[in-house]
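Scrolling down, you'll hit the structures one after another.
Two complexes follow with chain A in common, the first pairing it with chain B and the second with chain C.
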Partner chain A sequence: MIRREAVFSNKLLPYLLVAPQLILTGVFFLWPAVQALQQSVMKSDPFGIRTRFVGWENFKALFADPFYLGSIRLSFLFAGAVAFLAMSLALFLAVQANRQLRGSQIYKTLLIWPYALAPAVSAVLWVFLFQPSIGVVSRALQGLGIPWDYHLHGGQALLLVILASVARQISYNFIFFLAGLQAVPKTLIEAAMIDGASSRRVFWSVVFPLLTPTTFFLIVMNTVYAFFDTFGVIDALTKGGPGKATETLCYKVYLDGFRNFRINSSAAQSVVLMAVVILLTAFQFKFLQRRVHYEGGG
Partner chain B sequence: MKKARKNLTNIPAHLFLAVAAALLAFPVYMAFIGSTHDAATIGRGRMPLTPGAYLGQNYVQAWAYGTGERVSGTPVRVMMVNSLTMALAIALGKIFMSVLAAYAVVFFRFPLRNFFFWLIFITLMLPLEVRIIPSYKVASDLKLVNTFLGLTLPMMVSATGTLLFRQVFLSMPKELLEAAKIDGAGPLRCLWSIVLPLSKPSLAALFVVMFVYGWNQYLWPLLITTTRQMDTVAIGLVRMLGTSESLMDWNLVMAATIMTMAVPVSVVILLQRWLVKGLVEIGK
Partner chain C sequence: MAVAGKEMEVAVHALRFLAWRAFLYVALVLTVAVMALPFYWMVTTSLKDVVQALRIPPVWIPNPVVWNNYPSAWGAAPFGLYFFNSFFIAVVTTFLDVITSIPAGYAFAKMNFWGKNVVFNLLLGTLMIPGQMLLVPSFVLINRLGWYNTYYALIVPWTAGVFGIFLLRQFFRTVPDEFWDSARIDGCSRFRYLFQIAVPQVRPGIATVALFKFVGSWNAFLWVIIMTDKVGLRTVPVGLRYFMLEVGTDYPRLMAAATMAIVPILILFLFAQKQFIQGIARTGLR
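This part shows the complex of A and B:
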């Protein structure tokens, strides 16, 4: 934290100023998080009358449960696919839009507006296209001889959830990559061009390395998005099915906590997710420090 | 000559961008087409790719009732008011709280200052999904289920907002405030007439980002509201969708989708500059 002299010397006022945020943080963040930690090491009987301390038992049960391990694999596959597709497509489009094109502002708007859609709402749009018997795209696929029914085929359901999640996230990534590209000094690119490098070569050896901070930041944000914000996409499209084909870790926390009433298992799963977020945040801060270094070193 | 060649090399770029834009818009176009036909045409699986004749009827029915023969939903007007209330409350509440907290952290020195900052900061690591059941329990103990307070209060805590304003405030010349202080202005006066006006761009940017964020909430509203009167847009639309069978009033669902989309999409398009600024600054 930067050391600065205080401007004001009031004793009580600063506490009143931070109070609203602190009270809400305590009530809705810290207290529930502590409760989740606590519930994750307890076991209640089915009626919730008696609760006893069981230590690591919920976690042991969790990691011995093939369904949970399957959900972990699925979540990482899903997050990897969403992050890779959404980022590479967005980078490609940002490079195109960063050229001096006639009407490039219109293209930017046309690529950014999907950010306005809630994941759940964009999933509603996708259902209308892919519903097995009435969807326009499904009919086209079936016309090509592909037996399309994502209510029956797990692979198709997963593919659909991935594509619907990617479509919306492209806009977010596009905004950041474009901002990153605009910050690349033109002189640098011109110098490389004069040296005779091809434009592809210039991109991969000059421009892309300069985008590293943006790329790292987006890897974190896209992983967080895929882990947590796609809840609405899954709830609207597949509800975790068919079978458990689209039951990601986050969706499973919800199912076990609110549908199957396995409170302690759900709490233990929450704690595992908490660990994931802490790791991601730590990763992000490591990279942030590096960016400070970049800026400081020119 | 040189210009002509440059235009020629730009053709692939135009092509890629246009195709991507068309692909992203395609679902909305089909939703619009769906909202202009009758349920039977869509249900038979033979919906044309051009608009039908039922636009007026569908939109009026979705707006006023949200319910047809084979779909039972919430009127669009109710969902829109709910989502608008929620989005505005979350955006304004977040800004209010993060401005105050950042102001205290930057311009005052007091015991526990760093500890408080750290407490606000770690909320970044506690998304709703990792505290879902206890959060619901706290809200229900406080009798906040099915209330707008319950819907919005937990969403107002924002480490990102506090971090952003801390950065903005730190970059302000301290002499401005010192001068105002000598002229007899108190801390709140300084906040209102010097600090806030200077922060206008960041305030606008954060407002747009938070409005869209608030409008798009899904999991928390799903838990905390149980009556249709409280349905927000995202919840209401997914509820209308039900199990998405072929024989239902898709025309009404799509009319509702198109109408409700209009609000956040116009905000993003009209205030695009602020959205981009807000996202990029929060990302820092």
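This part shows the complex of A and C:
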């Protein structure tokens, strides 16, 4: 009798243990996601009273809209620039930090901690530095004869948003590159040195190839970051403007959903975004097996 | 002659080495300077008066040092309330997330049950849902629950998350099965074993999960401005943004407020830097 009770509770127990998080995730992740999918194939009248099924129509309209196509191009340009700059700078910094220089611990702390900062808060600092009439950097640029005003020039606005996004992502990339570098066996480098390779040669033909898994992983993560996590930066600095110069896909989803009240178009856009994430994740899984070497000890 | 040539070569080599070292130090100092400039400018501006803050050429060291911007900023907007909200929301969210993720992480690591893999993959699949996709439906959901403009809207949805389950599952896997075997023989229930024996062994994992949840909740911005519009529910990042719109050109006061907004996260980071780095490196999650 007692024994049977124990067996019964053992069968039920795992479900009880998993239930709270499962319910929370179901209600606050899965249900809204299903709703978004549903909205993307529906059309509501302006008052939201009647909705009807329209199939692919929202998607067709989206890909016929030159503004949306422009936003796609902009997002890829933006993501490419952010990923490239944030990764190459972080790699350079990580290589320097990996040498046992004096003060490298302070240096690491200084590099990593901005990552903990709220994007909405650090954006306030960027506004303050680059604000056309009073920002200290703007005035320095104007002093050099550069007509800096990112409220007027789309190219400058895009550049500023790219720089602000890069500054934040450097910390993240730095952590991974440093971990990757520390996993490179010292003996390998010494052997190459003994063979007479210059330190630059050693880096590009021995160290960098060993970082390939980290690099691939970071390409995916940086692209995901540039596509989805730059809302706070764009909202604080440019609000997508001037014109549509910094209106990336993720900012457009928000604008259409909450400012222009084009719910169905916004839903279709978010489904496109999900497709992007799934593609990126699939790409990452292809290379996932190859990044186990520094994950040991888990 | 040959010996002199050799000495020469060594000297040149040493010189080049020194030059390279010097270059590295300069490069490092420069990058750190660029990374640190916004923060330096923030703190020094917060210690200037308005005239100093706008002077050309820029004033690098405040003179005289003006402390008054801090009490003045604190009094100009309800920052005490913003800080209370941020702390309250972040602490409760973190607690609820940890307390629900521990049993789930344990079950996925150490127990066998029907449908385990399907459920786990379903949970991992939620990582592929972009946050932007959930905004409109979540807004509708929060309204239907009657949670618009309540703490519930800022707390409950944030307690759901795969990060904690995933990380704790990894940690629970390292706890040897023999512990449970001997505890069971001593008549210990699974539940008691979990909280009295297994949990203390995965403390670093719990610390990492808690840290990330806390920082994530503290930094939330878009969610807060969409799910609430009451002054009484503003958090620090949201309050700071409104303050930025309200103060106009009183930059010293704005920077004093920004400095105050950053301090709690800076302190937390300095104490928990190791967990922070491990958390990022171990899971690759953002």
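Assume the second predicted complex is superposed on the first by the 280 of 298 C-alpha atoms of A that agree within 3 Å, B and C clash if a C-alpha of one lies under 4 Å from a C-alpha of the other, contacts with A are read in each partner's own complex, and residues count from 1 in each chain.
In this section, a contact is a pair of C-beta atoms (placed from the backbone, for glycine too) under 8 Å apart; a residue touches a chain by one contact, two chains touch by 3 or more.
Fair warning: this is a prediction, and the values are worked out from it, not measured in the lab.
Peer 1: After aligning the two structures on chain A, examine chain B and chain C and state clash or fit.
Peer 2: Clash.
Peer 1: Name the contact category of A:Y225: first (chain B only), second (chain C only), both, or neither.
Peer 2: It touches chain C, and chain B stays clear.
Peer 1: Quick one: classify A:V253 as touching chain B (first), chain C (second), both or neither.
Peer 2: both
Peer 1: Tell me which partner A:A83 touches in the superposition: chain B (first), chain C (second), both or neither.
Peer 2: neither
Peer 1: For A:L117, decide between first (touching chain B), second (touching chain C), both and neither.
Peer 2: A:L117: touches chain B and chain C.
Peer 1: Contacts for A:A36 in the overlay, against chain B (first) and chain C (second): which applies, first, second, both or neither?
Peer 2: After superposition on chain A, A:A36 lies in contact with both partners, chain B and chain C.
Peer 1: Which positions of chain A sit in both the chain B and the chain C interface?
Peer 2: The overlap between the chain B and chain C interfaces on chain A comprises residues 10-11, 13-15, 17-18, 20-22, 24-25, 27-33, 35-36, 39, 89, 93, 96, 99, 101, 107, 109-122, 124-129, 134, 136, 139, 167, 170, 172, 175-176, 179, 217, 221, 224, 227-228, 231-232, 235-236, 250, 253-254, 257-258, 263, 266-267, 270-271, 273-274, 277-278, 281.
Peer 1: Quick check on the complex: what are the chain C residues that touch chain A?
Peer 2: 24-25, 27-28, 31-32, 35-39, 41-42, 45, 53-54, 56, 58, 100-101, 103-104, 106-108, 111-113, 116, 119, 122-123, 126-141, 156-157, 159-162, 164-165, 170, 174, 190-191, 194, 215, 218-219, 221-222, 226, 236-238, 240-241, 244, 249, 251, 254-255, 258, 261-262, 265-266, 268-270, 273, 276-277, 280-282, 284, 286
Peer 1: Quick one: which bits of chain A touch chain B in the complex? Just the residue numbers, please.
Peer 2: Interface residues on chain A, with respect to chain B: 1-2, 4-11, 13-15, 17-18, 20-22, 24-33, 35-36, 39, 89, 92-93, 96-97, 99, 101-102, 107-129, 131-134, 136, 139, 167, 170-172, 175-176, 179, 217, 221, 224, 227-228, 231-232, 235-236, 250, 253-254, 257-258, 263, 266-267, 270-271, 273-274, 277-278, 281.
Peer 1: Across the complex, what residues on chain B touch chain A?
Peer 2: Listed in rising order, the residues are 10, 12-14, 16-18, 20-21, 23-28, 30-31, 34, 42-43, 45, 47, 49, 96-98, 100-101, 103-110, 113-114, 116-117, 119-120, 123-139, 142, 153-154, 156-158, 162, 170, 174, 177-178, 181, 187-188, 190, 212, 215-219, 222-223, 233-235, 237-238, 241, 244, 246, 250, 253-254, 257, 260-261, 264-265, 267-269, 272, 275-276, 279-280, 283.
Peer 1: Quick check on the complex: what are the chain A residues that touch chain C?
Peer 2: 10-11, 13-18, 20-22, 24-25, 27-33, 35-36, 39, 89, 93, 96, 99, 101, 107, 109-122, 124-129, 134, 136, 139, 167, 170, 172, 175-176, 179, 217, 221, 224-225, 227-229, 231-232, 235-236, 250, 253-254, 257-258, 263, 266-267, 270-271, 273-274, 276-278, 281, 294-295, 298
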